[in-house]
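What follows is a set of structures to go through.
Below, subunit A partners subunit B and then partners subunit C, in two separate complexes.
Showing the complex of A and B:
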C-alpha cells in the first residue's frame, strides 16, 4: 500500500536524521564536568595555589593570574609604556625603554621563562622577550617590576627567547628574521638573502646573586628563521635546541616559499663547547650598538648604558659546536622532556610528531652519521636521531609540555585541541578540544625537571562565542584543564590581556613570601628624595624648576607653589613617606602632556610638566589612599614669562592676610 | 626562738629570680594590639624597659587623623630610669639571697609591689594624656570621644579594637612577684 510505503520512508528518514544528529560533535557545555566549579572556586579571602605568568603578546606586558581561579592579579609593564603606573612616563623609568633606536614605547612580548636552579623554578625572576625590537627583560619577583632590559645586536624579531638553562646560566635569544650583521653595510638588495643574511643566537649570562644580564657571546648561524628553543636538562644539560624554518632561505612570500622542503631543521648547539671556544679566544669581537638598561630599587631610577661590542662565534668555522637535526615541515616548538632524554619537534605542517633521542643524537655525532652539511654545519641523519614518531596526533602541532607521569601534552592549532601522549610508547592517550585554535599551552612546572602535573592552561587565539561580544575585537582566552586524572577536564575559561603566547605556572609558596611590602625610606638614594616634610623645597635652576615634594596621608608638602613661569620645565620629585604595605600615592597634574605617577611607599618618582598656559593648575593624589584622600590636593600658580611673582612654596601657611579679609 | 634568717631553698630561688629580672631589659614588657578592618594582619606597639617597638610609626601616622600626639621614645623619662630600677631590683634580690635577712625580704616585697603599682599608675597617666590631649584641628572629631587605650584588657576606639596586655617582660615581673609572695608566706610561717 502507498500509505504504508510513505510511513516506511518517513521512518527511514527519521532514523537517518536521528543518526546524523547524534553524530554531530557535542557542544562544549557537554565537556564540562559537574564538579568543575568547585575545582576552580577559591573562596573570598583565600589565596590561589599557583601564580600564572602570562605573556601579554602585542600589549608588550606580562600579566599575573592566580590559578585555579583565573583571577587577574597584576599587569606588569615590561616593553610598553603604562600611564597607569607612570612606567615610561616618569623620569626614573624612561631609560628602561631606551634602545639603540632611542626611546621605544611599545613591543610585543611573546615568551615567559622563570629562573631555574637545578632544573626547577627558583622563584627569583621571570624573563620575557621583545619580539619586535629585539630585547630580553628580567622581572624581579620580589617587586613584580621590570628590573633589567638588554637589547640584542645582530638580531631582528627576537622570537626563540628567553629560554633558559637549568641553572639560569644563560637566557638565549635566537633571531626570527635573519638579517645582515650590524657591522656590515645593510644597504643591499633584499634578494641577496642567501649570501648576506645571517641568523644570530645570543647567549645572555645571568649573575647568580643579582640577576645582572650580559651578552656572553653570540653564535652566527646560516640565514634561517629561528623559531623556538629549549635548553637541554639533566642528561642533555650543556646543549640547546633551536627550531628553524625557512631553510629554503626565501626572502619573499614565505608562506609558499618557506614551505617547500620536506624537512627543516632543529639546531643542536653544544654551549659547553661554545664556552671552551670562548675561553680559547676563538670568538671575534664585533663592533655593535645596543642598550643595557637597569632599574635600581635603591635609587628608584633606571639607567641606560649604550654597549658597543659583542663576541661572535662562527658556526661555520668552529667544529663540534652546532648540528642540524632534520625535522618535518617548518618546526615550531622543540621541547625537551623532564629528564632531558627526548626532544620533541612540532612541525606546523607535519602529519607526525617526531621525538628525538638525546643519546641517539650523541651516537650519530660520534659515528659521523651525516647526510651532508649546510654552511659548514653537519646535518645528522633523521632516522639515526629519531626515537620515534607520534602517529596521527592531530593537525598543526605547535607546543609540548610535560607532566610528572611521563606524559606529554601538545597543542594543535588547526584541529583546535590538546593531545596527551606517552613519551615512552608514543601512544595518544587523550584529546581535549580547545575553544578555539590553541597556540601555546602551559603545564604547571611543565618545562622543568619536576613538573607539577595538576593543571594545564591552553592559550587560544580565537574566542568567537566564548564571551559576551565586544565589537570586532574580542578578548583572547585561556582555558584551564585539570590533568590530574587520566582524562583532561576543562574546568575554566578566563579572558587575558593582549594576546597570550607562552606562560609559566609556579607554586605560590615559591614566590608569595618574598614579596616586598614597601621600600625603606632610609635606603632611598634617589637624587631628588625628600626624607621628611622638613626637607621639601622648590629650587629654580634657570628655566628648570625642581619641586622636592612629599606625599603622606593625606597631603602633599608643599601643596601651594607660586612663581612658576611660562617657559619653565617643572620636575615634581614626589617621595611617598609612608612606611606601610599597600599605601601608594598617586600624583596627577591638570593639562600635563604626560601620565600620572604611582609612587610606592618609600619611593621617589618624578613627573616632568611644561605649563602651557598662565593660571592656576591643580594637583591631586590619584590613588585612593585614606579617608581624606579627596583632601589630598594642591595648587600651582603659573605666571607669564617675565613676571616678578617670587618663587614660594608652603603647606598650611599660605592663608589670607587678616586685613585682606575685611 | 624566732628565726631571722631565710631558708636555703628560698635563698636559691631569690638568687635566680634576681638574675631572671635582668632578662626583662631585653624583652617587651607590655603590648598594645590594634585591630581594624584595614589591618587584618594587626598592628602592635611593644613597650620595652627603654624604648617603644612594633608598628609605632604606622600607629603615629594613623593617629594624626584624630589629632593624637605622635609617640616618641624621647618623650618618656621613664625609659632612662626603668633600666636602673630593674638593675636595682635584681641587685636587691641577689643581696637578699646572700644576706638572707628576713627584714630585708619584707622590705624588698614592699618596694617591689610599690614599684608595680606606681608603674601601672604611670602607664595609665600616659594613656590618659595621649587619649585626651588631642589637637583641636584634627580631621576627625567625635564629640565626647577620647582615645585612651585600656590599662589592661580590650576597648573599641572608632574602627580600631585596642587590646592591652603584659608581654614577656610583664609576665616575668608578675611571676617574680608571685614567687616573692610565696617565699614571704613560707618564711613568715617558719617564724612560728
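Showing the complex of A and C:
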C-alpha cells in the first residue's frame, strides 16, 4: 500500500512536470536568467554605466537612455518640432527646421552615429539623418541639443547616413530613392528611371574643433537604392562601403521588381581618391539649393543660410573611385569589423551572410578581376573578394555589430533572433530569440575599433504582448542582452519612442563630465536679452510689440502689460536670469496658437503671440521652479485696434495707478 | 540640483580616525583589529550615504549637532576678511553690474523685503566672510546655516545659486558696503 502510494505521488509529480514543460509558453520567461534583475538594477540616485543614443524613427527625434537600467533620460528634438521644449516654435529655433522647401515640422530620423577619433567614440557629437527631406543633423553632447542641420541636394530618402569615418573626417549621406539630379528637368516620365535617375552620395566634412558641417563633394552614381553604409577603419581607412539594392532599377512594385537578381551590390568608394580628384579640379560645380542651419549657444539663436552650389564627382568618368562587389539578394546592412579587415553584407532575402575581405578586394582590383561593369563602374568577381560565408545563420539578416572578442552579432528579422558568430572561422556560436522581429541592433562600441562587448540591445519592430496593452499602437520594444559570457542573456525589456533604427552605446564617463549645467548670462548675446530686471521693457514698433522680459524664482518682469491692441504681433523675449543647474523656467500664454517656451538658465527665448480677442490674457511659468511657482504669473491687457490705452508695463507696483489713488 | 557633500564625508572619516586613535590609546593594540573593522564598516556606510544624497537634503542640522560649523563665518572659501576703512569705488561699480543681472530680481537696496530680504544694513547684520561665503556656496549654507534657515522660513524660496565667482562676491560685498554707507 505504502509503495503503491509513493508510486502514485511520483506519477503525479512526473505528470505535473511533463505538463509544465510541455505547456511552457513560447515567450522569454524561459530565457531570462535568475540574476537578470540585479544586472539591470541601478539603485536610486546612482548613474548608469552607459549612455544609449537611440534614433526616434518617425518621431524625428533622438532619445537618450541609460544602460543597463533602460531609463529614458532625455528626448532630444532634432527634425521634428517639440512643443514641450518650444523647439521649432520659438523664434530662435524656427530656422533650425528651414529647408529649400521652407519650414518643415517633421521628419524621420533613422540612424545615429557618435563622432570618432582614431576609430573610437570621442563623446563630442552625435549625428542623425533625416530620411524624408534629406538632411543630416549634428547634436552637441555638451548641451544635448541640435547644433546644426544641413540639407542635401540631389537626394531623396537619405538612408545610408550619417555614417562616419574614423576621425570624423566625413559624415556620408547616400540617397535611397534615386531621383533626377536637381539641376535637370524633373518633369519627365517616371518610367525613364534607368536613363534619368541618379543615386548621389554626399560627403559632409566636419570641422575638428567646432563640428561645422559642409558638403565637401558629392559622387554621382547609377540610379539604385543606396541602403546602408559603413566607413572602412584601420587597414581599410580611406574607403567607404555602401549596400545597394534595386540594381534592377525598377520604378514600380519594388517588392517584386527589385528582388529579381540573385546578387545586388556593395559599392566600395575610395574617398581618398575622391579627395585627389577634388584637388585636381575634376569635380563639376552644380547649381542647387539647400539650407544650412546652425544654432549658436551665445546668441541662443539659429540662423539658416541658403546655399547654392555643390561639387559633383562622376563615378562613370573618374576611374579607381568606385567598385561594385556583388552581394546576394538585396543587401541591407554593410558592416565593417573592428580591425577593418572584413566587410559583412546582409542580404535581406539571402540564406548566407557573405563576409568580404578588404585585402582580397584590393588584390581583385589590382588584378582587374572583373566580371564586367555597370555604368562605367567595374564589377568585381564575387568569389575573388569573398572571405567566406556564414552558413545557415537564420532568416533575413539585417545588421551586424561586433564585440571585443572577435565575434559578430547579426540581427535576423524573419527568424526573430540575434545570432553570434565568429569573424575568423564564420561558425555560429549562439542564438538568442528577440520579441519580436528585431531590426537594428547595437553593441556597446560595436562599430568602433575597440568595442566594449558588455551589452547588446535589440530594437524590435513588433511589440505585441510584451507590455500592457495600450490600444492599437504599442511603443516599440528594445531588449537588453548581457553578452559578456559565451551565451547571450536577455536581461531587460524597455519601451522606446517612435521606431528606433540604429543606436549607439557609449561609456557615461566619456560624456557626463562635459555636460553644460547652465549658460553664462554674461556671455548671452541674444539681440533681445535683458541682463537684469532694470533692463526689462516693452517697446512698440508699429504693429510689433517687443516685450523684454526676465524670469527668476519666482516672478516675471514685467508681469503686468497694458496697451496691446488687436492687430499687434507681440514678441515675448524671455531671459532666464538663473545661474544654476536644472532651473529652467517655462512661459505659456493663453490662446497662443504656438507652444510654450522652455528657457534654460542664462538663455533668452522668444514666443510670438498674435492676440485674437479683446480682454485680459494670463501668462505663467510652466516648469515648476520653487515653492512659489504657482505665484509665477502675470496679465496682459488686450484692447481694440483703435484704442488709446497707453503702452505700460510694471512689476510689483500698479502702472497705471488704480483709480482710487489718482 | 544635485549636491554631493564630500566635505561632510571627509569630516566623518577624519572623526572616525580620531576616535580610532583614542581607542587604541585606551584599550591597547588588542582592540585595534576590531576598531579598524568598525571603521571600515562605518566608512563604507558613510560612503554610501554621501553617494545617494543626490537631492538637496533638508537636513536641518543645527550648530549643536555640527560643532565645527561657525555661524559667524558661514561655510566656504572666505575667512578672516579684513575690511578696509575706505570704499573702493571701482569694485562698487563692478558689484553694481553683478547686482543688476544676478541679484536685483529678488533684493531691493532698501530695507523692504521683495523675494528675499532688502539689502539695507546687510553688512551690519553679517560679517564680510559670511556674506561672501553665502553668495558663493549658497546651497551648502542653506542646508546648514541657522540664520539662513530662519530666513527661508520667512521667504520660502531657496536663494538661487547664481554661480557668483570669488571676484564677483568681493565686488558685490563692496557694493553692499557702499549701499549701507548711504544715509
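For the reader, a short list of remarks on this structure follows.
Basically, the second predicted complex is superposed on the first by the 628 of 662 C-alpha atoms of A that agree within 3 Å, B and C clash if a C-alpha of one lies under 4 Å from a C-alpha of the other, contacts with A are read in each partner's own complex, and residues count from 1 in each chain.
The rule is simple: a residue touches a chain if its C-beta (ideal position, glycine included) is under 8 Å from a C-beta of that chain, and two chains touch if they have at least 3 such contacts.
Computed from a predicted model, the values in this text were never measured in an experiment.
By the document's definition of touching, of the two partners only subunit C reaches A:518; subunit B does not. In the superposition on chain A, A:557 contacts subunit C only, with no contact to subunit B. In the superposition on chain A, A:531 makes contact with subunit C only, not with subunit B. Set against each other, subunit B and subunit C touch different numbers of residues in subunit A, with C touching more. Of the two partner chains placed by the overlay, only subunit C lies in contact with A:43; subunit B stays clear of it. Looking at the shared chain after the overlay, A:628 reaches both subunit B and subunit C.
Counting contacts as defined above, subunit A residues 552-554, 578-580, 626-628 meet subunit B in one complex and subunit C in the other. Of all residues in subunit A, those touching subunit C in their complex are 43-46, 518, 520-522, 531-535, 550, 552-555, 557, 577-583, 626-628, 652. Within the complex, the subunit B residues that touch subunit A are 55, 57-58, 61, 64-65, 139-140.
Residue ranges of subunit A in contact with subunit B, taken from their complex: 552-554, 578-580, 626-628, 631. The residues of subunit C lying in touch with subunit A in their complex are 1-2, 51-55, 99-102, 104-106, 114-115, 156-158, 160-164.
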